[in-house]
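Here come two complexes built around chain A, the first alongside chain B, the second alongside chain C.
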Partner chain A sequence: MTSETSPRRHAERLAIDRSVVPPHLARRPGGPFALHRGRGRVTTLVRPVLGYLLVLPSLAVFVIFFYLPAALLFALAFYHWNVFGTTTFRGFGNFAVLFNQPLYWQSLLTTAYFVVVMMPLTTLVALALALLLREGVRQARGGLARSLIFLPHVTPIIATSIIWAWIFNPQFGLANFVFSHLGLPRLGWLEDPAWSMPAVMLYTLWHSVGLYTVLFLAGLLVIPEQVVEAARVDGARGFALFRRVIWPLLSPTTFLVLILVSVNTMQAFSQIFALTGGAVGRGGGPAYSTSTDAVLIYQTAFTYQHFSLAATMSLILFVILLAITIVQKKLSSRWVFYR
Partner chain B sequence: MVMVRLDAVSKRFADAAAVTDLTIDIADGEFFTMVGPSGCGKTTLLRILAGLDRPDSGDVWFGDRRVTDSDPGARDVGMVFQNYALYPHLSVSENLAFGLRVRHVRRTEVQTRVAEVATLLDLQALLHRRPKQLSGGQRQRVALGRAIMRRPHLLLMDEPLSNLDAVLRERMRIELRRFHDRLGITTIYVTHDQREATSMSDRVMVMNGGRAEQVGTPGEIVRHPRTAFVARFVGQPPMNVWRASMTIDGTGDALVSDGSGLRWTVPGPWRRAAAGPIDVWIGVRPHDLRLTGPGETADLTATLDVVEAGTGDDVLLHCRHRDQGLVVRVATGQRIPRTGGVVDLTLRSDRVHLFDAGTGIRWPAATAAPNSNGAVAGSLAADVVQQGRRHG
Partner chain C sequence: MRPPDSNTHGAPAPGDARSATGHSRRLTGSGRRLISVLIGVGFVLPVYWLLVIATGARGDAYAIPPVLLPGLRLGALLYVLSHTHIVHYFLNSVFITGATIALVLTTGVLAGWGLAGYHYRGREVLFLVVVGAMLLPQQALIVTQFNVMFHLHLLDSYAGLILPFAASSASVFLFRQAFLQLPKSFWDVARLEGANVFQYLWRVAVPMARPAVATTILLTFISSWNQFQWPLIMTSSKAVQPIELALSHYMSSFSNNWRDLTAAAVIALAPVLVVFIFTQRYMVRAVIGEDRGVTE
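Coming up: the complex of A and B.
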């Protein structure tokens, strides 16, 4: 009886056709189908190395084009780097030079002006568009409107900035054409120091609002329909419904949009440069009215060849951005609700 | 507390009719349940009552107030949603207070009402929690609390127990009914679970394909299903329903046979609807069939397929009779034949239901007088079979 139930007999009863089993498997101690339990040296050594090898290409790209320049920039901020001469350590010397420059302070103010206007403006316009588009989200027709609003975001900034420079042309531009037809005063736009920044803001809004609208749309779509319906049954409608239910549930999206807008506007360079004639040696004008931190950094480095000073400015910009993000993150716990 | 009237309400979605020409009166303070399979239109009807959907035609009346076009918030209804739909960003007490806050009720008044409802539903300890921190049963209680906070005169519930586990569901069923009896709010309840419907309600409306198949008390619906659909839908396990034919002879008596030896004479006089045999459905509930005792004549014979252990007191025999599945409920302890063998079965002839094969309506339709809600009067055509004798 015992031989009947032995593993060997069992295998025979299963009637495995031994001719189909490869010989090297058939010779295994545990039989042809035993799992290989050996912890071979080869496996334990190769596995981690192979892992690093596989990430190496992207790691290399990241190190060479991101971490290395960032580290270099950080170092450069504390040196005086002469492209053709000697490089000397200056400690906080660069910082001292910058803080004594009224132009630098003005550029920070201009940047602040840009950011402070763009954050609420972009958020509100994107949210309004998303609320308008929401109804059509599940319909085929809504797709066209969504695409049209998102389209500017995928256009090259330099190309569309040049077109917008034409739109803002005080004599022949579309903007003043529309303004005069509406009975509004014709403006100097990019040639008027008071209106150049609003013109840049208009362009930036046009170019970026599509992205934020799509983000808000996604945020609106994950709000459970029944929660909104429950609020309607409870008597909430119109603005009360928005303020008490939709807005709080949308807060994670709003937070994300605010962070993205603040970072993107603070770093904005291309559109300002292109709109204000950077291509013809100007940029940031007129009268430094659009000379944001980013524009000034570019000009310091590539117009005046003062790389270490530009590096110092970049470092300060980085610290400001980091600080703002941290503050926003800290404040967010009071008003952002994550489900 | 209000009388509710749906008057010839119809609603279509794209090409599908959700509700078709439905008229129903719901009494003040009634616990009324709409039950039916998915897609039968019961939730649509509830949403029309709440004002979340507008009917394509027809009217909704709350008492003498026509509310067809009123906003949900203006209808003074409370609603419990299937997934509770609590405001995830608000605490339990804020969830409860929401409806009053929106209406700018004074803060002290709101606090008093929250405390009241919290006591009623045993939520005091949870008031500061967020919905995410609650169990299913607790969420359910908060949803119910939110619905009654404003003391609405109509309470709507959309499958409120379907997300709970079986034990809790059982308990909440009793709780909900007790709750209704205490507050006296007219309650309209939607479920796909016929046991829930028949165990809680004053009246039940069985729906199918956007129409009311039957409206009546749970007892009426179980004992005198108006259509073959209701017969099959209500009762667990469902009623056995199979085809047979019936002829009315010269004296007006009806002769029912399913071609397998089951025959009755149903004494008339019946109006002769057609010269030839009339196709009907025979319906027999599993507990109205039993194993034929020794010395008795079998009504029908079947092959035993599977024996399913029931609740402990009984056993379900799944049999086949002329390519037709039959379920027989027998008490445990009886001698059960071998699986695969032939079983002899006897019917309780006073509990047999007959339905017209074409329309599915209880036969003969002519004697069934529908009441104002489309329900069939209690005595019904059941008399037909109650008087029936087995044809030896």
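Coming up: the complex of A and C.
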């Protein structure tokens, strides 16, 4: 690709097939690629460095706003840093302070409670919905139901938390109205430390299950129909068909969904902030019952200005989440079902 | 991976129409469909109730039994529009979202071609760095991101709400995939005709990658319009704050005025609903494509 080569020889050497033309350029006067007529010079910009340069804007964003903060986590967790800009090395001192905080352990327990409930709950509901929608989607008629179930996932969390705060209102909310008609006790929901977390879970389920349903649907649709049909011919019906044929073939998707639910649940923040205290309480209430790890990190850093402590908590969360993601990637490359 | 409705234009799946018990199965099929639509309606009921209360009479929020039909009164909407600064917050969101989309498209196209069009040492590593950014757990970075923003003097500014999201791994990934599929001869011919790389991208490559453009716009629109935690932490003045933050301010100041509060929520929700109604199929595909792309 030297500049001495004439365009014609260059074209011959590259064996360019000029009959392959982008359709939207095919009818341009002067030929499909007549972008620079009259200039007659072959641009020989092609140097590898251009590749780097084109990636640079994206790379800069990722490095400055994502990789650098990730690296800073390690630095900050081992230092004491305050708003006046003075830093002192503390070794594992921040960890020691943190592990002596009962509130931190409580937040880990709350997070674990959240994750342990959400993983099976979300997965089962999403799987049930996907199985229900499956035939319809195959035949182009399940589109409406699928869209309706998916819609909550794209709604802004604060906007829809407002209506859920009303639904959960103990006096006139919909939840207690339904409960009392079903003969169930009326609950305090977001105002009761025992029921605030279940209320957050219900909102989270509503907001996210559509995503996982659609993931399961995609997983169901790549199961070859011949396999299911062969099992039917062999007499498999109903639950046996599901248990022996569909469930094993679906396992990569199930695994993916379980991981995504756990990672997303550990990072849930906005709905807790909005539903349990709003801008005044800064989330986490009542009586710290919804103070998950993510909420506590936010409060430690931005309410109490304990940046080093917050960074230490973040580092622990970072390592846990990254480990889950890496394990998932390693395992899924072994599990993913190729045809 | 195949999109979920790639099958939808084909013939009915075998085993349904030609099954011996075709008649009874079709009946259970329509029963299933009814149940699934009913469940779907259940899922959008909260959004419906938002409209009911926002357009209802004063005090409808406290009615027992609950009011079932929207009152179609626009009083609360007009009150919120005229007596609060919601229009200002709304326009902030429009500006932030628009600028983010434009930047994400630009950086995505450039990086996509930078990773697809050239061979150079370290290209694969560069690709992993770009895509790997998506795997970093956002919630664990927020504290140190605040430090970085502080030192770059980006706190409480439009730039601070836009620049960190000016590139997206998903967008780079999508454009790279799209550009890898283009025949090499397009690029060779364009170069012979004297086009530089930007002309090639603008006139040839991007028009051929329309699905990637559409997906990037949808994903960025949703994540940018819905962003809450980032502006909550990175901004303090009304001048630059987006609408989700306004809603959270109103949640504390309007505390018991459910009608005005829900009216404000409807205003924040409306653009998402409108876009969703017109692009639902695309959007479902875009979002699950992103999530599977990250993890597979």
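Keep in mind that, in the parts below, the second predicted complex is superposed on the first by the 268 of 339 C-alpha atoms of A that agree within 3 Å, B and C clash if a C-alpha of one lies under 4 Å from a C-alpha of the other, contacts with A are read in each partner's own complex, and residues count from 1 in each chain.
Here is the rule we go by: contacts are C-beta pairs under 8 Å (C-beta built on N, C-alpha and C of every residue); 3 or more make two chains touch, one makes a residue touch a chain.
None of the values given here were measured: they were computed from a predicted structure.
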| item | value |
| --- | --- |
| First, second, both or neither for A:R146, with chain B first and chain C second | second |
| Touched partner set for A:E229, first chain B, second chain C, both or neither | both |
| First, second, both or neither for A:L217, with chain B first and chain C second | second |
| Which of chain B and chain C A:W164 touches, first, second, both or neither | second |
| Touched partner set for A:L249, first chain B, second chain C, both or neither | first |
| First (chain B), second (chain C), both or neither touched by A:A311 | second |
| Residue contacts on chain A - larger count, chain B or chain C | C |
| Partner chain(s) touched by A:R237 [first = chain B, second = chain C, both, neither] | first |
| On chain A, positions contacted by chain B and by chain C | 229, 232 |
| Chain A contact footprint on chain B (complex, rising order) | 50-52, 71-74, 77-79, 81-83, 85-89, 98-99, 101-103, 132, 146, 150 |
| Chain C residues touching chain A - in the complex, by the definition given at the top | 1-9, 12-16, 29, 32-33, 35-37, 39-41, 43-44, 46-47, 49-50, 53, 61-66, 106-108, 110-111, 113-115, 117-121, 123, 126, 129-130, 133, 135-148, 152, 163-167, 169, 172, 183, 185-186, 188-197, 199-200, 203-204, 207-208, 222, 225-226, 228-229, 232-233, 243-245, 247-249, 251-252, 258, 261-262, 264-266, 268-269, 272, 276, 280-281, 283-284, 287-288, 291-292, 295-296 |
| In the complex, chain A residues that touch chain B | 224, 226-227, 229-237, 240, 244-245, 248-249, 251, 337, 339 |
